[in-house]
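The structure under discussion appears below in the form of structure tokens.
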Amino acid sequence: MRKFGLHFGLILACVIVLLPPLWALRTSLVPESMSYSTEIFPAFTLDNYRGLFAKNRFGTFYVNSLIVALGSVIVALPFAACTGYAFARFRTGGRFARFAVLATQMLPPVALVLPAFAILRGAGLTNSLPGLILVYSALNLPFLTWILMGFFEGVPADLEGAAMTDGATAWGAFWRIVIPVSLPGLAAAGVLGFILSWNEFLFALVLSGPQTATIPVSLAALQTSNGVQIAKVSAGVVLAILPLVIASRFIQRFIIQGLTFGGVK
Amino acid sequence: MASIELERVSRRFANGTYGVRDIDLKIEDGEFVIFLGPSGCGKSTTLRMIAGLESISSGDLRIGGRSVNNVAPRDRNVAVVFQNYALYPHMSVWHNMAFGLKMRGVGLEEIDQKVAKAADLLGLNLLLQRKPGALSGGQRQRVALGRAIVREPEAFLLDEPLSNLDAQLRAEMRLELVKLHRRLGRTMVHVTHDQVEAMTMGDRICIMRDGQMIQTGRPLDVYANPADIFVARFLATPPMNLIPAQLTHADDKLVVQIDPTTHVGVPPKHYAPYVQKAGGPITAGIRAEDIYETQARPEWQRISVKVVAVEALGAENVLIGLLGRDKPIEIQARLGRHFFAPVDSIVDLYVDTEPMHLFDTETGKAVARPPLPAGR
Amino acid sequence: MASIELERVSRRFANGTYGVRDIDLKIEDGEFVIFLGPSGCGKSTTLRMIAGLESISSGDLRIGGRSVNNVAPRDRNVAVVFQNYALYPHMSVWHNMAFGLKMRGVGLEEIDQKVAKAADLLGLNLLLQRKPGALSGGQRQRVALGRAIVREPEAFLLDEPLSNLDAQLRAEMRLELVKLHRRLGRTMVHVTHDQVEAMTMGDRICIMRDGQMIQTGRPLDVYANPADIFVARFLATPPMNLIPAQLTHADDKLVVQIDPTTHVGVPPKHYAPYVQKAGGPITAGIRAEDIYETQARPEWQRISVKVVAVEALGAENVLIGLLGRDKPIEIQARLGRHFFAPVDSIVDLYVDTEPMHLFDTETGKAVARPPLPAGR
Amino acid sequence: DDIVLRALMEDVPETQIIEAMLPDFEKETGIKVEFEKIGYGDMHDKLVSQLVSPQSYYNLLEVDFLWAGEFPAAGWLADLKPFIAKSNYDLTPFIPSTLDLLGRTEESLQILPMYNYSMGLIYRKDLLADPKLQEAFKKASGRDLAVPTTLAEYVEISKFMKANADVAGAAMQGQRGDPNSMEFSNYLFASGGAYLADGKKVVLDSPEGKVALDLYVDNIKNGAQQGALSANLDDTLRLMCSGKAFSMVTYWWMLPQVDNAEKCPDVAGKVALTTMPGGHGESGGWGWGIPKNVSPEEQEAAWKFIQWVQSKDVSVARALQGHAPVRADVYTDAKVLAKYPYYKEAQDIVATGKSFPIFAYSAQYEDVLGTHLSQAGGGEATPEDALKGAAKGLEELLAK
Amino acid sequence: MTGFMNWAHREVRIGWAFASPGLILLAIVMGFPLLYACLLSVSSYTLLKPAILPIVGTDNFATMMASERFWGATWLTVKYSVVTVACQFVIGLGIALMLNRVVRTKPIYFAILTIPMAMSPVSVALIWRMLLQPNLGIVNHLMETLGLPRLDWLGSASLALWTMAGIDIWQQMSFVVLILAAGLASLPREPYEAAEVDGARGWQQFWFITLPMLRPVAAIAVIIQLINEFRTYDLPYVLTKGGPGTSTEVLSFFAYRQAFLGLSINEGAAAAFVLLVIVLAMTVVFFALLERQSKS
């Protein structure tokens, strides 16, 4: 009976969360001219998806987004894990360093985008996916560092002590003990990093060119002076959701069961 | 070479308290040393400093003659059994034990062999695939022990490694550890609260209190010649009976006068060291096992004790009784398993006074006398 | 009313192994019961099932007559000392101890009083503001104990609550727990590996093995009349000597023939129960404390033992020796602290055969005989 | 190296029309042209970051008239006069207002018109012709219901429609910023007001301005659809399209979108276009520019392209696909008129269009003005204060 | 304890060894832009006169401080951020807790509840604009069907900010769920057993056990969201452009206006730094409070 309330609450939350994306799904499947119709399904068409790929080169941007988001996580996560570990375990740099790292993310992107453009231009990295990956890695780093720091603080220090007396280097203890024990945190941080890059708009806008734009840029371009092509936007949104839904099947293994300790008393 | 030397080593914690203060200790290469002391006295802290897991606030720690204050744990090549086990929660028992070997680059085959052997020894064969979360307390402790013994480090640091094992297993493990020590000849430091472990396993016993080292020596030496009341009481169960008394000197006899009607005489051969204390207060220390129910030797001295309780432990009975009449003092005596006496009855017991100690009542220090031979 | 009844209770874990299997047990209201058994036999699991922390796979658990299989732990009103302490890492010692009282709605003043009293008892006064992370192992265990004793629950479930304490503290705590039991009259279940605790604290002792209940009874009864080899060996340190032999019946005498030259006679008063086994193999059980260095009584029987080692424990010496010539058997004897013999020498020892047990070699069960009185 | 012209373009039909014709240009000249299409809102930021850097990635620019003050002021654009002179390019066919709009001066011409978005009034013929409504209107006002000729009339009809025809009288773009400033400009010009006199003096806070704002606020409050203050072009277009509005002030070339049986079946055939009541509407447009920070060869190529794309032939070809011309000769082209009869009105609208003040801070002024309008429309400020504030804001920005 | 002072300490060296790759990456990529932005904020650099010199010191800040709209935007931002973060946290925590208690159906719920974060804020805003369209949108249609008044979600000065906040909460709550769900998964189980026998009921366990143990992770989630909310830009940009009036003009939108519409990159940078200082101050104070509370 107690479970009933639980499921009721969760289902309610799911419904609230799901209604807008569902309406977007519905809109993506009706002709643009009927997108604002109050009927549930006035007509069915796949034109919006077709148009998105054929006319708006959505396929390219989709792949770009995947590369950039994955790439930035792959780059940022290890760096963030190491820095977060140093902050959590060795208190490196004290409170100052922690807050300084975080503070780099406190400026609105608007203030950073021109200078960032300038240095990337200098390095010949504008208009290229590696450039975007680099920038996103740096943008993600502070957040991921902090999140992982929070998780690492929960790992009993004696586990590393045990590993180090067992002959592991500090690195070995980190890699073989702390990392596996912190999988929930790493999974969460990874998803977060992916999503931040997946959705980032301003840097993508300024730093990308016609070949290297990402999904948010391409969807934003659908707001034209002739009106918003909302059906196509909806189609884009529906497609943009897919990777996370697929990925969450794997991620939740870590986030959901976590690890039960039993190693220390 | 893995002698371990501590020179005025202290550990001050973040909150300002000292875990250990100005400890001096030299452990020879290959020595088996027991750390003993009340809860919270700094045993684990000392061990962890030796392992390099606790930073040293001041003083100098040397292993094999080399100062290691800033040497990484892995480069000290010690194996540790943590008091809280510190098992790797995400690894199976096998991997927990194999980890140290893997880290040292031992070949897989050899690892397999060694782990299998240790598991055998510890009765963990059937549990090798389990994760620590699915083990009982004692099983976890055995894994922790196994993790240390599969390796052949310069030194073993064992922090109460047998505390959660049943008596039988504990006895076996005790034996195995001693064998291991004989076989490898490596330095071993063993923290324990177990009387038997303390007395039988080590070459030397170090008694700690409040972060300081009180007395070290061969176990039976320390047992026979405690430096002070604390050591005397601590190193025995039931603890030594401490009886406040007056040391009187009359008729050429040195007598411990407990109350007007109760006294025991000092054996004549100890007159010389003790006579200086005559005429003043003294604390007499009589071990529970020096009190007998029958007078087997003539020099044993009779005392009358009012029975408070008789605890039957199966193999022996411990009598708890009151000595003296005005201000009766509770004493305990280890008697045979057949001994019995009703509560409140008065029984006559006989004290072997030869191993009796006299302590300065004020300082608690033992009044110096030539050391008794061990085993007394 | 907090009697606790287990009826064919089992606990099957996720991986398919049984932690406990078909246990039947009835603990009376106010009884003090000791669980004893080798590591991994299911003691903690049983305790945790009683507390409601481990779900019951089959069987019925009743507290105060009411089936509680599906009652939440908090509604069972028990206090638990966890084997792994399970302290609240984010709370100070004071809050750790006060938490249970707070949850039961006890007033702040009363909480303060109770916690202060418990802290006093446990020697934790100076640590009340610390968090568990800054405590030594023994201190943590005391906090865990304190957390249980501040409350006045229907039942106390103590899982090796004293294992990490030093001997002296352990003795004090033992006494305090007994006093607590007397004062509150609440049911207590206590898991221990300590011989002394097992023998002295409880009304009843329950011996477990491999998830099953082997024998229950008053401590000395069990000690005197073990149901089988396992119990016999388990409930003693050093364990009972088990000697494979032939039971021969000749000249009207029943003799345990160890090898052609070594034997001990069965006391005549035990002929009746044992004679049926005559002419077959038998396992003789002789406790280490039933072997003496001198023949104090005429009926004690002489055996010759080759010395392997003499372990000096301070208060007593344990001789490890070999009995018999062809296939010598290792035996242990608890002898006086003055006993000594060189290794490999042959010594004569004397066996009190009256408490001797005979066990069926195949089943390991004790050959039934009228129970010996406790204390024998 | 072959020169590639790269332009950042707004993703609208105009761009697509030209894009489709690019192969012709390449065949003709061997110059390849690439369009990168994004939304209007994002263009400025992206262009600016390129233009301030030492070398721009884009070597052909599409410039909105709102930037026609800023870009030259910042010195980002090459002067086209030398190119025009060298190639003898004839500017006379361009409707003068389209050139003025883009900041041409005596000394220089930095932006050449590309297409135009002057604003007019799109309204529902069927509602005006409805006898019941005609009768009711007559009763209420004593006049006949007809296409309004003054702003006041328009607002009156708008309110009337809202009250009686179950539609919004006007689909208004009240969202702060570009939408409401542009819309209000129509009201201002329609009532005879102006932002600046003699190009410098601020005359916004005039009796005409007051009338314009009062009527604007009145219409927002009593004539417009619900939610007008957050509405932008998209909202009004959809509203008009759904038949739930009587009129909207918008770009003249929006007519075919509304008058489209497929997209807006509810109103197709029932809508018409006229100049803003009062005779003058807001005029806007896009132009071509060439960035300074690119090589001379690229600039040459860019000029070639501009010449080509704004030539009569190409313009006509574009117009036949719906292009909004800037050349008078295209409006009068027979083929064009045949296909789009309403281009006659359109030419009027373009020719009579007046311009929002063009200076370096035009875009910011839109925001300033928009804020005051929005506050007035939402009742947060009185029209008097809003007008004063808007005038003062203009003065400040002009002085900056 | 730490710092360059005891470089001799092994731990200090190891700590820096671990920290430096990340710090270096950050310094290389963000260091220059940050310094540059910092320089801009005290310079006379505008798009029309793109020259750093002369340095004008705090003039840009003074100009801004003198502007009423700046203060309005600041106050609005603080109000908006605090409210949205508080709601996200409370809702997110509630959902994470519920998630933590179900077993088999958890993957499904989890997959659904994290969907909003996969949508870029721009598209979220566009989709919601469609839903909330006052005349044609489905929400008002439903409201009407249910006999409720049609609301002017984004066109009313009093409602627009809260509509935006609602949309924001709807989306960002999924981040909080993600982080807190992971945090809950990594909590040790033992204290709960102790609390169970100590008699703590569900909410007491939550209050006395879960919340304090989750505190490090939860605090970080709050801070990250706070920073994100302070920088909110996409939502007002698409939804309202800061209107009606100035009712949704948040600070980062203000900074944007200043930099790109006002062409005063320097003032934009100054506004950005003011924002940074406010967030940083709130962060530091927040952690100081947490620390004080966890000590007592």
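Going by the order they are written in, the chains are A, B, C, D and E; count residues from 1 in each one.
Following the convention adopted for this analysis, contacts are C-beta pairs under 8 Å (C-beta built on N, C-alpha and C of every residue); 3 or more make two chains touch, one makes a residue touch a chain.
Per UniProt, the chains are A = Maltose/maltodextrin transport system permease protein MalG; B, C = ABC transporter ATP-binding protein; E = Carbohydrate ABC transporter permease.
Everything quoted here is computed from the prediction, not taken from an experiment.
Colleague: Using the touch definition from the top, what's the fewest steps needed to get from chain A to chain E?
Modeller: The fewest touching-chain steps linking chain A to chain E number 1.
Colleague: Can you give me the shortest step count from chain C to chain D, moving only between touching chains?
Modeller: 2
Colleague: Count the touching C-beta pairs: is D-E or C-E ahead?
Modeller: Pair with more contacting C-beta pairs, D-E versus C-E: D-E.
Colleague: Return the distance between the CA-based centres of chain A and chain C, expressed in whole Å.
Modeller: Measuring from centre to centre gives 57 Å for this pair.
Colleague: Let me have the rounded angstrom distance from the C-alpha centre of chain A over to the C-alpha centre of chain D, please.
Modeller: So the centre of chain A lies 39 Å away from the centre of chain D.
Colleague: So what's the Cα centroid distance for chain B and chain D, whole Å?
Modeller: 94
Colleague: Can you pull out the residues of chain C that are in contact with at least two other chains?
Modeller: 83-85
Colleague: On chain D, where are the residues touching two or more other chains?
Modeller: In chain D, the residues touching two or more other chains are 41, 45, 48, 52, 238, 242.
Colleague: Which parts of chain E, given as residue numbers and ranges, touch two or more other chains?
Modeller: Residue numbers touching two or more other chains: 1, 11, 133, 136, 188, 190, 260.
Colleague: For a test of understanding, state which residues of chain A touch chain D in their complex under the given definition.
Modeller: Chain A reaches chain D through residues 32-33, 36, 113-114, 117-118, 121, 126-127, 202, 205-206, 209-210, 213, 217, 220-228, 230.
Colleague: Write out the stretch or stretches of chain B touching chain E in their complex.
Modeller: Residues in contact with chain E: 14, 55, 70-72.
Colleague: List the residues on chain B that touch chain C in their complex, please.
Modeller: Of all residues in chain B, those touching chain C are 13, 15, 36-40, 43-45, 83-84, 123, 130, 134-139, 141-142, 159-160, 163-171, 193-196, 199-200, 219-220, 223, 233-239, 287-289, 311-316, 334, 337-338, 340, 374-376.
Colleague: Using the touch rule from the top, collect the residues of chain B that touch chain A in their complex.
Modeller: On the chain B side, the touching residues are 48, 51-53, 72-74, 76-80, 82, 84-90, 99-100, 103-104, 131-135, 137, 140, 147, 151.
Colleague: Within the complex, which stretch of chain E touches chain D?
Modeller: Spelled out, the residues of chain E in touch with chain D are 47-48, 50, 133-136, 150, 152-157, 160, 237, 239-246, 257, 260-263.
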